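Structures are listed in the sections that come next.
Next come two complexes built around chain A: one with chain B, the other with chain C.
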Partner chain A sequence: MTDQTAAVEAVDLRMRYGFRSGTVLDGCSFRLPAGSISALVGPNGAGKSTLLAIAAGLRRPTGGTVRLLGGVPGENRERVAFVAQNKPLYPQLTVAGTLRLGAELNPGRWDQDAAENIAYGGGAEPKAAVRKLSGGQRTRVALALAFGKRPELMLLDEPMADLDPLARHQLTGALMAQAAEHGTSIVMSSHVVAELESCCDHLLLLSSGRVQLGGTCDEIVEAHSRLTGTGEDFGSHEVVEEQGSGRGRTALVRPDGKPDTGVWDVEQPSLEEIFLAHLRNPAAPALVTGSVAPATSAREAAI
Partner chain B sequence: MLGRVIEYRIDRHSGVATYLQIVKQTKQAMRLGLLEPDDKLPTAREVVEATAVNPNTVLKAYRELEREGLVEARRGLGTFVRKSLSGASTDSALGRELSQWMERVRADGLDREGAVALFHAALDKEFPEVEQR
Partner chain C sequence: MTAPTGLTRDGRRSASHGAGDPGPGSGPLGPALAAARVHRAGLLGWTSFFAVAACALVWLYSVGQRAKELDTAFCIMSGHEPGVPECPDGDGFSAPYAYSWMLELAQTSITFLPFAVAVYVGGALVARDFERGTAGLAWTQSVTPARWLATKLAVPGLLTGAGTTVLILLQRWVWTSGAQGPVRFWWEQQAFHAGGPVGLAFTALGLATGALAAVLTRRTLPAAGISVAALAAVYSALGSFWHLLWPKVRLTGTDASGLSDRAGEKFDVGMITDSGTRAGSFCDGKAVQASLDKCLAKYDGRDVFAVAHPESHFWPLQFAEAGIVLALAAVVTVVAFRLLPASGPAKSATGGGTPTVSGTEAATVPHMETSR
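Moving on, here comes the complex of A and B:
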């Protein structure tokens, strides 16, 4: 196992809110390496926001552990930025006042230029009160606090949801530039995988509180094939989803060795196709590749 | 040196891997004489800020160009063009000859598709390797 510190490492993380409600996280284990840009995806209610809130130290899990940059949540607060889905800000403060708050709360690391570039890029005036901003402008101010802090890890819960396509592109570009220049690790959640496909290198698909797919985007794509043909059955290839195809059959599978190209027409599905097939088939077995398997659980497995 | 740095256009629906789009656009710019030896490619930071793609994708593209001997990374300075591919400029003797050939094709009554078919037949005969995806 590598000794390199993970950006986020969760081991058997469990969460339920009270006895009446169901389990939100049900044994979630993964490891996102430092410097990675990770997409946290999954259907509504899969546990994405809960997972991020636990990582940010805002909620205590019912069971299991999570470590950020080698420390427990809350321990590395100055090195971690978290932007919650509802973008909590002080409504009565001005934009400039909010940035000043960021500067005062982050002595020694605050980057005013970086914060201003993000906050004022959408036309917001420094003297405007936060409560009078549009949804997109509020998002920019919330992200500006995260950028200004120059964190080593950014946890972003649906950061782009309120933004128009141009602002989305600009802010994703700003995030990528931050990662390229400072090696910042980024974890961002979304339920649209297409918008994360070209900017993320790691993918974590949560389904019913567990990791259903985890790995680098390349590993996940390479682990799947679409087979079409008239063969009897798919043999030892693990079928994620099968569809009718005229007289033949077609399926998204995790191939066991190279599929027989004499029998099957083999295609490479896109990451989004794989994502959708798993959403439609939550019972498909989990696939977590070596690069995101937590070191501790691998050790336990070895014992 | 160029007045402006090359900007990449990423088509997310083309089915062509993003890093290959960057490789191809760089080569195209070199062929057209938009990039000449000692011109600097944009930094990974500049590319990702403009295109919103993952930084590793840009580094992979630049490594591929380096592997093909077209560019070189100079430590602390950036990535620079090593070779000239601009023999294929539309202004060159070959480019002008091809234009004249196209005029003759049109004069002979062939349409655009006919010209493409002839061109590709000759191209495949002379350069039989498979075009990489």
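Moving on, here comes the complex of A and C:
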């Protein structure tokens, strides 16, 4: 592993909200290395928000453990920032008042410049009441509270959802700069794969409360191939999704060894294609590559 | 694959990451100041109520003095009490009447102030923070849930506690120095609550029930409703059982027959005869031994008795009741704090010991060095 401590490490994390509702997290195990940007992707209801809320110390899991920067959630509050999906803020405060709140709640850590850079980048006035802000400005203020506390780990739940493309671009840049300059670990969730592919080092695909895919973008792409041809079967290649296509057949597989190029036309699928194939086929076996596999699971696999 | 440097321009203007400007208002009082600013409306509401109420009580003192000068030290507003004349009915502004209803209003307000505190704390102060998600915002800034709730309760606790104390003292001053005729008896629940530490303890209980209801329901309206209902239950239970909190005395002779409602509440009265006792009030209002003897002879009794709380029991009863209410408030507060998410390295959730990697059949491929 490149880093000794993981930004977030979960072992068999389970969560259900009550006896009647279903399981939200069903044994998630993964390890997101520190000092990198990790993306948590998955369809709506996959458990992304729950996972982040547990990591932020806002909810207790029903089972399993999660550790942040080597501590349990809530232990190192001042080193971890969290922005919830609905961007909770006090509507009666002004933008400046909200930043002041951040300063008061983070004594000794607060970086007013960093917070102001984010908050006022979208045209918000310091004296504007939070309740009167647009969705994008509101997101900026919420993110400003996260930036201002100078965290070592940022947990962001759908941070870009309310932003226009330009603001997305700017804030993605700000996040990448934060990670590059200060070694901040960032874990952000989204259901838009395309916007994460360009900026994230690690990807975690959550589906029905389980980790379906985990690894760096390159690892995930390299582990898959699209085979098209007229062969009898796919042999030992693990098939994620198969489609009949006119005269032949085409499938997204995890190749076991090098596919026979005489029989198959081998293509490199895009990350989004791989994700879509997995989302359509939740029964496909999970693939968690070395960099994201939890220590315990790696040990068990080795036995 | 990452970090196109051209995008970093929006990152930060200054490089003050290591020793940045700590920002205004930070320090040990930071969270308290933050709470005060977030709840400015409540702060303003309470201060204005307090100011108006305190001024009104000071003015009411002068009304009470005027009522006293009108020789209404011993009169009764309505109903009938043996040996007590009815209060004079004045034309226009009648000091005794004004004093009477205004003092009653003051006592009622002080008595039910804790209910308002419970609604405010349960609803606006704590539950709304849950409802909006701003509780989570505070917890993921550098404030633990326990510290967050403590600040939420400490600031209004200090302010309502100090304010209630002043109002109770003012009320006592007006009540005890003004005309005694047209006011409530000391043992009537609202006079009792507004006249001593019980009122203060009840404010603490209102604060605590509001907090617990909010932590339990995490929603504004249910929290306000539940805290008021719980407080009302305690209030009515105290109204029924307060007299058990201190041993009553058994009076005989003129002590029993001459005890007016003003001086104490009687729980059992009767006559002692040669064959035992007879229940019922027979010789009420006979403060002089001769008239009592005459009355006893008429009913063929030897003596009268009364089991009662005389006025001297005011303070013991106050402290006993306040103690119980405070203990209850402490328990409720502890429960509210225990229901918050644990902060710090408390006992983690179940299954921490032997994690099993069931569920995900995590296939691992040989680790590939990341490019970053």
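What we mean here is this: the second predicted complex is superposed on the first by the 293 of 303 C-alpha atoms of A that agree within 3 Å, B and C clash if a C-alpha of one lies under 4 Å from a C-alpha of the other, contacts with A are read in each partner's own complex, and residues count from 1 in each chain.
One rule holds in what follows: a contact is a pair of C-beta atoms (placed from the backbone, for glycine too) under 8 Å apart; a residue touches a chain by one contact, two chains touch by 3 or more.
Treat the numbers as computed from the prediction; the structure is a model and nothing was measured.
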item: Touching partner for A:Ser134 - first (chain B), second (chain C), both, neither; value: neither
item: Contacts of A:Ile37 with chain B and chain C, given as first, second, both or neither; value: both
item: Which superposed partner A:Gly57 touches (first chain B, second chain C, both, neither); value: second
item: Touched partner set for A:Ser29, first chain B, second chain C, both or neither; value: second
item: Contacts of A:Ala180 with chain B and chain C, given as first, second, both or neither; value: both
item: Chain B versus chain C as contact partner of A:Pro107, first or second or both or neither; value: second
item: Chain C versus chain B, contacts on chain A by residue; value: C
item: First (chain B), second (chain C), both or neither touched by A:Thr172; value: both
item: Shared chain A surface residues [contacts with chain B and with chain C]; value: 37, 169, 172-174, 176-177, 179-181, 198-201
item: Chain B-touching residues of chain A, taken from the complex the two chains share; value: 37, 169, 172-174, 176-177, 179-181, 194, 197-201
item: Interfacial residue positions of chain B with respect to chain A in the complex; value: 10, 12, 18, 43-46, 48-58
item: Contact footprint of chain A on chain C as seen in their complex; value: 1-4, 7-14, 16-17, 20-28, 30-31, 33-34, 37-38, 40-41, 132-134, 136-145, 341-345, 348-352, 355-372
item: Parts of chain A lying in touch with chain C, wherever the complex brings them together; value: 1-2, 11-12, 14, 26-29, 33, 35-37, 53, 56-65, 71-72, 74-75, 77-78, 80-82, 84, 86, 88-93, 97, 99-114, 117, 121, 145, 148-150, 169-174, 176-182, 198-202, 210-211, 216-219, 222-223, 285-291, 293-294, 296-298, 300-301
